[in-house]
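Just below is one structure, and these are the notes that go with it.
By written order: A, B, C and D. Residues from 1 in each chain.
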Amino acid sequence: MSGTDRDPEVEAEADLDAETEATAEGGDEPLLAVEGLRTTFETDAGTLVAVDGIDFTVSEGETVCLVGESGSGKTVATESITRLVDSPPGHIEGRVRFRGHDLLAMDAEAIRSVRGPGIAHVFQNPQDALNHCYTVGWQIVEAIRVHEDVSEAAARARAVELLDRVGIANPSARFDDYPHEFSGGQKQRVMIAVALAGDPDLLVADEPTTALDVTVQARILELLSELQAEFGMGVLFVTHDLGVVAEIADRVVVMYAGKVMERGSVLDVFERPSHPYTRALLSCLPGRGNEVTGIEGSLPDPTAPPEGCRFAPRCEHAIGACRRGEQPPETELTEGHGVSCVFYRDGRDPSVVRGNGNGNGSGDGSDAETKRRDASRNGSRSADASTPGTGGAEGSDGG
Amino acid sequence: MGLPRYVAARVVWAAVVSLVIVTITFGLMAAAPNPAVQEAATQAALEGGDPEEAVERERELRGLDEPLHVRYADFLRGVYTLNWGWSDLQNRPVSEALSEALFYTAQYSVPWTVLTLLIGPLIGVYSAANMYSWRDHLATGVAFFGYAIPNFFFGIILLLLFGVYLEWIPVVYNTDVAVFSLENARQLAIPVFVLVTGSIGAIMRVSRNESAEFRNADFMKTAKAKGVSPLRAYAYHVMRPTMVPLSTTVVGQLLAIFLGSSLLVEVVFGIPGLGRLTFDALIAQDTNLVLGTTLLFTFVAVVGNLIEDIVFTVLDPRISYDDR
Amino acid sequence: MTGSNTERQARLSRRRAIAALGAGATTALAGCGGNGNGGGGGGGTLLTPEGDQVVLDVYHNSASETQQLVAEFIGQELSANLGIEVEIEPIDGVRFNDEYWTAEAEGGSDTVGGETVEWSEPTPRNPGPRSVTSNEAWDMSLVIGLNTYPLNPQTNRVFFDGANSRYNPVGYYPEFDAAGLFEEAGAATTESEIASVFEEIFVNIAAEQPYIMLTFTDSITGYNPELRGPVEEFSNGWDFAGWFTEAGGADESAGLPEDIEEPPAVEGSYNSVSGSAFSTLNPLYNTESGAGTAIDRALDQGYTFDENQEYFPLLYDMSTDRGEVWVFEVRDGLRFSDPYGSVDAETFVYLIEELHQSEWANTANAIEWSGVNVEVTGDLEFQAELPEPRLLWPESFDPLEYPIPRGLLEPYVENEDREGLQRNEELLELAFTGNLGPYVLEEWNRGSGTTYTRNDEYYLRNIEEGPALFENAPYFEESTIEVIESQASRLGALETGEADSAGIPPERFEDFDENPDVSVYQVPQSFNRILSVNMRDNGWSAGPGNLFQFVEFRRAMASAIGKTELIEGVYRGLAQPHYTWQPRFSDFYPGDDVVETYGTGDLYGPDVAREFARAAIERSEFDYRYAEE
Amino acid sequence: MTSEKPDRFDRVDWSAYEGSGGVDPSVNTVGAIGTTLPLVALFVYDRQFVGEREATFGAVGLEADWSGLEYLFAFTLILFVWYVLVPLYQNPRMTRYYWREFTRNRPAVVSLGWLLVVFVGGLLGPLVVSAPEQSVLAGHQPPVYLSIDTANVAQCLGEVRGGRCYGTWEYPLGTTRGGKGVFRSIVYGMRISVQIAFITTTIVATIGITFGTVSAYAGGWVDEAMMRFVDVVLSFPTLLMFLLILYIYGAGLGMFIVVFSLFAWGGTARYVRSKSLSVSEETYVSAARISGASTTRIVRRHVVPNTASSIVTQLTLLVPGFLLAEAQLAFLGLGDTSLPSWGQLIAAGRSDLGFAPWIVVAPGIVLFLTILAFNFLGDALLDALDPEAAAEVER
């Protein structure tokens, strides 16, 4: 099948091994640490800031969800991690430490050795993410053999095994089928198989279910969490679907217009949503009052972001301080739960943004559990409604 | 429908097209005054004979006294039994004339086609990979230059420069040299170069525009995310899908140049190939040879289109034969 | 038909009258200082009875650049000197022939000089009387390269036989007794008698200008300067076998050395390039001159003419007493390749009787032998009896034959298989030539030419006549003829030394003449360039009454076209003005003193041209006139 | 990258620009018919009342004698003005947008400039520059500042220095063998090229659009048959056919234009068909249909204008092919030698290339630049008008 010259991959793999050792010595550092990540694109209309200095971490085996409206920079952020963003016109700054190594400082070959075995991606549109000219088997085998010097037969066996593992029936027969012969859900399974081919430590799943039928979505999510457990991967999950978040996330990072608005454990965010944006998002969930109208207004122009808080123009609580200077620094409410809003600073009254102080926030753990299931159910439904909107977030990509 | 039936349908259709072309050609030739007859008359008159009689004899000899439908039937029978008759221009069977001409045409056409097919898509994809860089602009410039400069004009200028002034290449095409020899390479270098520059442009542009699309496709991101090197990504993930739309362009482009420019290039460089044979046959109104060359070109075109169709369906796994 | 001496005398005296008129024109021109180039010249435009300017068209071969140039020059001159507007119509030569020169013969009668003439021989090339022609209208056409047969102009008769001519697409009726004179020439029994009759014919043709004579151009050939052998004048390659290269390229005349102390070495290859491909090498059916050259390298013909235009026997020697019975003596020692044996009298007689004189074969030479009675009179001797005496028979090239083995021909003769004969490979590939040619044909590549190797047994080495150089002829190991269509490439090949000889266009003459790598030979030709004017009723599209039908008007045309200017501008001086049907070097050229030189000197210019035109208008019943400005 | 995406040509509902749909013949049609009538009148006058060999405008003292081709050319110019230039003026917003898109491509702007030079030169040049005239003694004069060996010229019009003849300003680009000014010949050749470009384009567009839309709308076996017919047309070896026809009937520029355009519309028809099929799927067409517009009206008002605009590119890329074909035929000696086209000029100079290269090189470069300009223009139009069509058009 593939007649690739494998020698460079062998070397790349050696590098990776060395790094893994180094990481082992590194100690308690998280699997992935993103610090001050800023991704900009040079366009005819000026510099477009897609991601504007965000931080987050993903630990081993943990699931972190990046949440936000379409176009808020989630996808660019994840693609900046392994530098999938084309540069030029894209430009990535900041630090992305993966097992202690700064991915942004690596040379091209080293970063390639991370892609796949280190960090793997699953993209949102399996239709286009698979090359229509090659069989699915070929594409999985390629993912294996790019990094490992294995025989074709062995690679094929492993690919069939992976297909089987991701739930493709009759995998050895379907190995030689072309992507167009698979259904959408099956294609996404194949994509996942491709991602698993390198046995990654971190799986970046970028809205993997948005393009899929509702019933299929649930199964894919199920598969992902099974695999996460089985392979012990960290997962960075991008979605605009809070229902999904509630179902799978350990921790949540809420993004808006390239900035982090709020972060925290899934409980923190769902039970005590602190940023007006988070609250607005949650209120869009069915049964929360705002599902029809959505959030008023639209995302700011990424080439000329507003002063102060990015969300201020759309925020019903915005005051003068919100429209000055930079995005407010994050205020840590509880351990791991941070919010970027002026009302949590300088003695202002956060209850203004939290509504009447009770809201959804004050329930106990069991209550939260209920809510979480609730959200998940509703989420499934709401995802259905959001399907047509897919793809908007990708708009800033091609540059 | 399945591939065999699909191919069979295409072949049948190709035969229909060729029949139409052959019929029209026959009609045109039948309408033309036959110069051999006229010449016989002149000859007879100048030498004191009876021109009328000479015309009669000549017409009879050529079977021109038969009614049109009989001649047409005879002609069709000849065509499809591959009995293409005798060329008066070359005084040998048409098939022999064609095969010899083909021998010379192939000597430059094969390297030209191979080079075009190799270099065109490569530069196109390279150009797309470096889109809007100076390399892309240079490649675009070269493509447009080659496409825009008339082949015959370029040919005579180069022949003058390298043949007459610098004396690097022979001015006279020599049919005696071995096919695989340095001399042959020397005398064919400029014609091949001229043809390649002419044909590469369009192919380059198509592959550039097409691969530009695939370059930004999601599956390229997938490939990148898999850790595939850019070279491999372009070689496999961009080239291959680019081949699909390209395959529909290449044959047409090559055929157009094959039919048009090769004639000019053969005239300029004195290569006794098919193009010149056709031209000479037309000028000399050698009916059999004109029909023979027309048939051959039609055959080449028809087979080319057939190959194009089949390659297209083979290259793009998404196409099923029922769609066409 | 009237055909008497008095008539001829009358014509001649009229000619003298015109000469006087020419002298008068000199005075008229004296103050003019040459002809003006501006439109209108001296005396306005020629108007039709309706008052429009006369507009005529001239057709020329679209493929020839020189023709185009000449046509435009003629347009320029006729406009300036005769007040006629000319439209130039490029047309494919063959098409012109087919559509304009040829028409369905209509037959009928016509009035010539007050007498009714029955159109007895209407043919496609002689389309009918002026009054009943039905084919396309055309005014003038440029014709190049009609052979004028300077050695024996009898052949020209086909053009000048009035109603009975076989080739008279312009509808010309001689006002002198051309038919009678040609007959007289045919019947003449002494060479001086022939000469005087022909001279009379050509004086009259010059006076009547049925075709407007333009030029005889030179053939210019460039050779490898080291080449020895080609003769600068009238070389038809008769001694081609004796050519050789001389390293170092001595400066002396390129002709053959007088005495040879040591025969030159046999070495190298003689490569010539030619512009046109040949379609057959079959000696029986070839009519192309290019192929003739290619055949001649491998197979000699019966005889040739040397550089002094003297008869030189090759395969056979011809002799006669009174021109009626010709005796052919075949040279001893000629033989074909195996298995065909030797060449003898029977070979030629069989060929003539069974092929040339047969109904079925229609060989290229068939017409030459019709009515000739041939007979074997010895092993190596046969004779031919002509229906009427022809003293200049060899000069007409008619009895010129290639020997073809009888054994090869017999099967075709038995089956009367003409097609088979035409396609016979041994004939096409000249595989039977034995010791009969200087070279042996190795390969005929249809697209690119021929290659030959030296014939080690060439019979010419053993003959007694001719230059001493024949002793070891030929002097090249190989020879080739390359067919190259593009002139630029042919010249390039000559310049770079890839070719040893190639034709050169006039405008490059000086260029190559100065080039040390090429020596250039200039050979006057017997092929004329003429402007045909259509004298039939449809040959004057400007209005009623064809002015071309008047001798005066044809003279006006001839006087309006400056020959010196044409030769200088188009041919760069490499041509001779053409006043009658024969070139100056011909034995039958009547001489400058009796031929009117229309278009040069006193007989050139707007005034003289208009004077002739006015004379024509006077004879016309229609009211043509000059607009006086 | 533009975030702003104004209406594209092919998405414009043209009826919106043509008043409220009530007036059926548009301003453009009225204008076109209004200007065509005098032309027809002139044509009739020329045919009926002016002698075969008289100048058309003899009555008003002009020399020009119009042939059928000139009338056709004038007609195509009228169409061009009313259906290309006037709509651009009528829709300034759209025009400005295109212009902005277009000017981003600098080579294309330069190309457009060059084509304008050719166009204006072809239209007005013959009025300003006198026709090249033969003067055999002035043959082979070199261009200004260049020189030629005196051996190669019959007579030197310029200065002679050191055995070399120098060019004069009378013939800025030198002369041909017959003494015609190369510069003037090139100017006159522009007219031929412009005529070829306009007339062929019009014929191809007319047949292609009609055939394509009819095929698309007829559907069924008619559609199938029509498309098979297109297959046949496209399979024709055009050059061969033309050579044949030329040999049998003789061929001038008119025949050339007719034969080549008759074999060139296949691709356009195919493209228009697929385009019309997709346009008729567009919402606004469905809307029009639902609101009761007849099929003819939909085809005329929506489908044709929208497909027409998108084949502009294709036509732009066809023109250089025609110019090239003309030059090729001329080079082979098969063209009409009386035609002052660039190809003829190249053909006329090909045997003099060795010592008088300007006769070939000057028109060769002009031809090259023109073909180049058309390609750059086509490329830019492709980007500006219809990026998706890129692949289709280049087929």
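Note that in this section contacts are C-beta pairs under 8 Å (C-beta built on N, C-alpha and C of every residue); 3 or more make two chains touch, one makes a residue touch a chain.
Given the structure is predicted, the values throughout are model-derived calculations rather than measurements.
A.B. asks: Computing the C-alpha centre of each chain, which chain sits at the greatest distance from subunit D?
C.D. replies: The most remote chain is A.
A.B. asks: By Cα centroids, which chain is closest to the centre of the whole protein?
C.D. replies: B
A.B. asks: Taking the mean of the CA coordinates per chain, how far is subunit A from subunit C in Å?
C.D. replies: Those two chain centres are 93 Å apart.
A.B. asks: If you average the CA atoms of subunit A and of subunit B, how far apart do the two points sit, in angstrom?
C.D. replies: Comparing mean C-alpha positions, subunit B is 54 Å from subunit A.
A.B. asks: Just curious, how far off is subunit D from subunit C if you go by their C-alpha centres, in Å?
C.D. replies: 46
A.B. asks: Approximately how many whole Å separate the CA-defined centres of subunit B and subunit C?
C.D. replies: 41
A.B. asks: Would you give the residues of subunit B that are in contact with at least 2 other chains, written as numbers and ranges?
C.D. replies: 33, 156, 160, 164, 267, 285
A.B. asks: Please output the residue numbers of subunit D that touch at least 2 other chains, ranges allowed.
C.D. replies: 247, 350, 353-354
A.B. asks: Do you know which subunit C residues sit against two or more other chains?
C.D. replies: Residues 486, 488, 492, 495 of subunit C touch two or more partner chains.
A.B. asks: Flag every residue of subunit A that touches subunit B in the complex, lowest number first.
C.D. replies: That would be residues 4, 8, 12, 79, 82, 84, 108-109, 112-117, 120-121, 123, 125, 128-134, 139, 142-143, 146-147, 178, 180, 191, 194-195, 197-198, 398 of subunit A.
A.B. asks: With touch defined as at the start, can you tell me which subunit B residues reach subunit A in the complex?
C.D. replies: Within the complex, subunit B contacts subunit A at residues 216-219, 221-230, 232, 236-237, 240-241, 244, 315-318.
A.B. asks: Write out the stretch or stretches of subunit D touching subunit C in their complex.
C.D. replies: Touch residues, subunit D against subunit C: 51, 53-54, 134-137, 139-140, 149, 151-152, 154, 177-179, 247, 250, 333, 336-338, 348, 350-355.
A.B. asks: Which bits of subunit C are touching subunit B when the two form their complex?
C.D. replies: 94, 97-98, 102, 105, 123-126, 155, 158, 166-167, 273, 277, 279-282, 287, 362, 364, 366-368, 370, 418-419, 422-423, 428, 445-448, 451, 482, 484-486, 488-489, 492-493, 495-496, 498-499
A.B. asks: Within the complex, which stretch of subunit B touches subunit C?
C.D. replies: Interface residues on the subunit B side: 33, 35, 38, 41-52, 54-55, 57, 61, 86, 88-92, 97, 100-101, 104, 156, 159-160, 163-164, 167, 170-176, 267-270, 272-273, 276-277, 280, 284-285.
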